[in-house]
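See the structures that follow.
The same chain A turns up in both complexes below, where it pairs with chain B and then with chain C.
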Partner chain A sequence: MLEEQDIRAFVHGTTRYFEVAAQQAASVGSPYLVTEGAPEIHDYNGVIAVSGRRNGIVYFSAPRGMLTVLLMKMNESNVSHEYLCDLVGEVANTIAGNVRRDLGKDFAISVPSVVTGAGNSVDLPAGGRPVVIPIHWRSHVAKLVVCLQ
Partner chain B sequence: MSSRDRSPAAQQGSMTTHSSARTRDRAATAGFLVLLVAFIGLVLVPGYRVADQLSADTAVLKLASEQRGQPAAIAKSLVTIRDRLGSRDFVGQAVKDLGGSVQGFDQSLAQLKLSAAGNSTELRAIESLWSDYRKALDPVAGFKGLPYRDSYSSGTQLNSSGRQLQKDVRQAIKSSRGATDRLDSALAAVGASLERQVVTASATLRKLMLTGVAFACLLVALLAYFQWLKVRHERLAVEAQNQTRDILGTVKDGLFLLDADFRIGKACSASLSALFRRDDFSGMTLEDLLRDTVTEKTLATAMKYVKLLWGERANENLIRSINPLAEVEVHFDRGDGSRDLRYLEFDFHRVKGDRGVRHILVSVTDVTSRVMLARELKVSQANAQVQMDMLLGLLQVDPDQLVSFLDDTSAALAQVNSVLKVPARGDGDFRAKIDQIFREMHRIKGDAATLGLASVESRTHAFEDLLQDLRQRSQLSGNDFLPLVVNLDEILGHLQSIRELANRADALRTNALLTAAPTARAATATPHDAGEHGMTAPLDALAQRVATDAGKKVRLVTTGLDEVPGDLRKTVRDIAIQLVRNAVVHGIEDAGTRRGLGKDEAGLLQIQFMPGERGSELAFQDDGCGIVPERLREAAVRRGDLSASEAQQLDTKASLALIFKPGFSTHDGNGRDAGRGVGLDFVLKAIQSIGGRISISTAPGRYTRFTISLPAQSGQQEAVA
Partner chain C sequence: MAANAPALATQLKLLIVDDSNVIRRRIERCQQIEHLQVVGLASNGVEAIEVFRQTDPDVVTMDITMPEMDGIECVEQLVAIKPDVLILIISALADKATAVEAMEKGANGFLNKPFSDRQLNEALAELIGGA
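So, the complex of A and B:
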């Protein structure tokens, strides 16, 4: 069963990254559930595994365009695949750090892994309905997917 | 294994064994020392003395034997001096020999006096004899000078000293005749006495030597026994050490000792490493061990607690009851940034010695499985109770209606999720979602209330609370919708549980029907067969439940509901549910008011369905207080929907239309049956969705009537045709 406080911690970590790293706030779209199958993913996905009080997967999924602009906004001219992977991993890492700070020792969070390619998928634990939270930044939309048991 | 697992009898037995072993060792050591002292005191010292005496006696005996010839030698020297004096020979050497013999005898006598024979009668007799004899000898032995004088005339003659010497010699010879024999006899007697003493001493020495040998054998035996004890103790110590090592290496608990500085002892169980994910505990304190794994508050409490344990007067059982580490949550770094949650149980026991508490024995057990199991058990017990209650409730619900409800509700919740999924960024986008979601939830709530599914009704009501809260906010964003998603997920999960329970209830019902008598089957079926398509009974139940909650009485009369065509049945039922709730809450007065107005205590609700060729008509009427347009206008102004001047311009028809406005309500409360302003909005939208119309007629204080025209549906037209 989902808990609002847990999801808020992940959402806050995500928006906080944009505020600090890009100096431009992101807004949160209308969240919804995925009741059948797995959510579609974008080009770059930073995935973290959660254990402890809750178990599951959380990932930040962003299109190439958004990450490219984000890199440029951070004065980085190299927008290669490797840099984009590093960036999406960094977002996931920041989310993890914020959650550790906000929720303390209740959560054990793994180091991020990166999944690329819109055709790929992120393995989600059985028994939980993923919540998709759209993240709007400039004209781009990424998504934060929280799937906790 | 903690020490509490050992039986008190075993502990007592072990302590007794150790105590008796110590006592035996001490007794053996004391016995050895006593024997040693006795050996020294009774054998060695007397033996030394006897041997010493024997040696002295032997020497004196030898001396006495040697002195037996001395009186004869003295007598012979006297005779020699006499003879030489007679022949006028040189007497100097003879006098000198006599002096030496006298002096030697004196010395021998002095030695004999110091010996064991010093006090003997014989020696005293010798002394007396010698004293007298010596008086005669001294002038001879002490002679100095020349006893002769030479002259041409007479040749060599005795001078005066010579004559005196001659006289003294004769006197001495005379004395020697009696003294020599007596001295010899006396010396012989002394020698015999000394010989007897030597023989006695020898016998004593022999006995002492035999005793010494016995003592030595005993001491050797004792030494052998001590050696055996030592070897045995060493073997036992090694065995105990091995057993301790085996115990510490095998026991699943983490065991260690704490000293007064809270330092961990060197001997720890192997499991401690696995429990705390580290190998080296040397020099660590309890605080060091716990610092990174428990909260600061728990750590501080734990350290205060352990200090208490060192108090001699503190009651251990009492202290144990307040152990803050009896079940403590700990976190270990996995090394990849994540942390592992475990539950550990710490148990503290005081180890006491002769001088009070020596150590604190700490046992640590991983109770994660037990804690998790207990939690799961608690949750499953609670779930089982809830499921049982739900199951009993579901058994009262018509299976077809329940399946229909679950299907409709799933579809409605999917619709709610679809509404949420529509992209939104601005306040307007989010606000537009609220009314749509509200209607779906309100319909689900109404259906749940009709079927008596209180768990669903309460959940949807809580969801409506969230929506109501959002509606009143000045600015909306996606963050505000997170609680909706969480609650939607919870309701979906709950519906899934109901669906599973419904299947079980259906199976139970089927079994009951198969095994029951035909009459019983009829009785089981009866409640669901009552009413029009099973619609009246749930509506009546809803009306009675809402009336009871509102402190009112109500009576429902339906007509023609059995003629509602299949494709309209859901719409008619949904509309009827909302109108019943609306009428009971807003229209029907409480029993006291109605009595005062001359009305029947129970309000009357009438639902009439009239099929027609070009469509159907559904009439709903209550005999309540009616609708007062002025109150509607006041509510609209109060809510900010209209200004006062705009409200004044509304005619009766326009005023009555306000009740269909989303969120509009004249009800001040926010109960589960009214106050949201959703019910009539839902009714209007439901009617409009199938192309129908609704009209209201009302008379304040008398009635309110909704007349709903429903167009002919395809199925209905075919049936009519």
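So, the complex of A and C:
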């Protein structure tokens, strides 16, 4: 189960990403616990496996439009599917990696894997109870899902 | 921190190592690159060593979390090949222990992701300022 300080670390990592990489702050909604099933996902999902001090997954789920604008804000003209997949993985990796500032080196993270298609699903660890952190940026809505045992 | 590039008699050769295309291209677009010549790109540590041997770069930007071989192990191997190579770690791993480990293996600088263009320019300028 996530503790309050863990959630705070993920919220901080998320807001910092948009402030620095996109030069435009995002607002983060109240995190909530999903008690049944898995959270719905958006078009692109960057998934990071976590091991060490905690085990589970963290994923950043975003719609195509948000990632396209994010790439453009980074002066990237290539907004192909390949680059959107690359970016969603990089966002997930960056937020999860930054959390080590608070949780320490024993919070080990994998390279990102990417799941695409809103009708698809991300496999959650057995017994895990995901916490969803809503992210609002410009007119777009995304989410960070943290499911750690 | 120096924001402008130092005056160099010759361009230094740069190898960019990151498993993200988006990040590699961002580094390539960096203003400081005018003072560097990009001689190679690699998406993991194994590929980086191969390209390093082929191109003999003076400067390397290095991610840490990558498939095949991570950046920390790669730094150690690159320094064994060319002890005076300048290596800037550019990583999301924000804990002090990782930064210290990278520096102990031979890296010369550390820039945390996410980064702004200004932060990247300053980090590269500082790195090559000592060359």
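By definition in this document, the second predicted complex is superposed on the first by the 149 of 149 C-alpha atoms of A that agree within 3 Å, B and C clash if a C-alpha of one lies under 4 Å from a C-alpha of the other, contacts with A are read in each partner's own complex, and residues count from 1 in each chain.
By our rule, contacts are C-beta pairs under 8 Å (C-beta built on N, C-alpha and C of every residue); 3 or more make two chains touch, one makes a residue touch a chain.
Every value quoted in this text rests on a predicted model; they were computed, and no experiment measured them.
**Student:** So in the superposed three-chain picture, is A:I109 touching just chain B, just chain C, both, or none of them (first/second/both/neither)?
**Tutor:** both
**Student:** On the A-aligned overlay, A:G89 touches which partner chain: chain B = first, chain C = second, or both, or neither?
**Tutor:** second
**Student:** For A:V131, is the partner it touches chain B (first), chain C (second), both, or none of the two (neither)?
**Tutor:** In the superposition, A:V131 touches chain B alone.
**Student:** According to the stated criteria, A:V11 is in contact with first (chain B), second (chain C), both, or neither; which is it?
**Tutor:** first
**Student:** Go through the superposed model and pick first if A:V20 touches only chain B, second if only chain C, both, or neither.
**Tutor:** second
**Student:** For A:A38, select first, second, both or neither according to whether it touches chain B, chain C, the two together, or no partner.
**Tutor:** Neither chain B nor chain C is touched by A:A38.
**Student:** Which partner does A:M74 contact after superposing on A: first (chain B), second (chain C), both, neither?
**Tutor:** In the superposed model, A:M74 contacts chain C only, not chain B.
**Student:** Show which residues of chain A both chain B and chain C reach, each in its own complex.
**Tutor:** Shared contact residues on chain A (touching chain B in one complex, chain C in the other): 96, 105, 109-111.
**Student:** Would you tell me which residues of chain B are touching chain A in their complex?
**Tutor:** Interface residues on chain B, with respect to chain A: 295, 331, 334, 336-341, 414, 417, 420-425, 429-430, 433, 477-479, 481-486, 488-490, 492-493.
**Student:** Looking at the complex, which residues from chain A come into contact with chain C?
**Tutor:** Per the stated touch rule, the residues are 16-17, 20-21, 23, 71, 74-76, 78, 82-83, 86-87, 89-90, 93-101, 104-105, 109-111.
**Student:** Looking at the complex, which residues from chain C come into contact with chain A?
**Tutor:** 19-23, 25-26, 29, 65-67, 91-95, 97-98, 112-116, 119
**Student:** Which chain A residues qualify as touching chain B in the complex?
**Tutor:** Counting only chain A, the residues touching chain B are 1-4, 7-8, 11, 27-33, 35, 49, 51-53, 96, 105, 108-111, 129, 131, 133-134, 136, 141.
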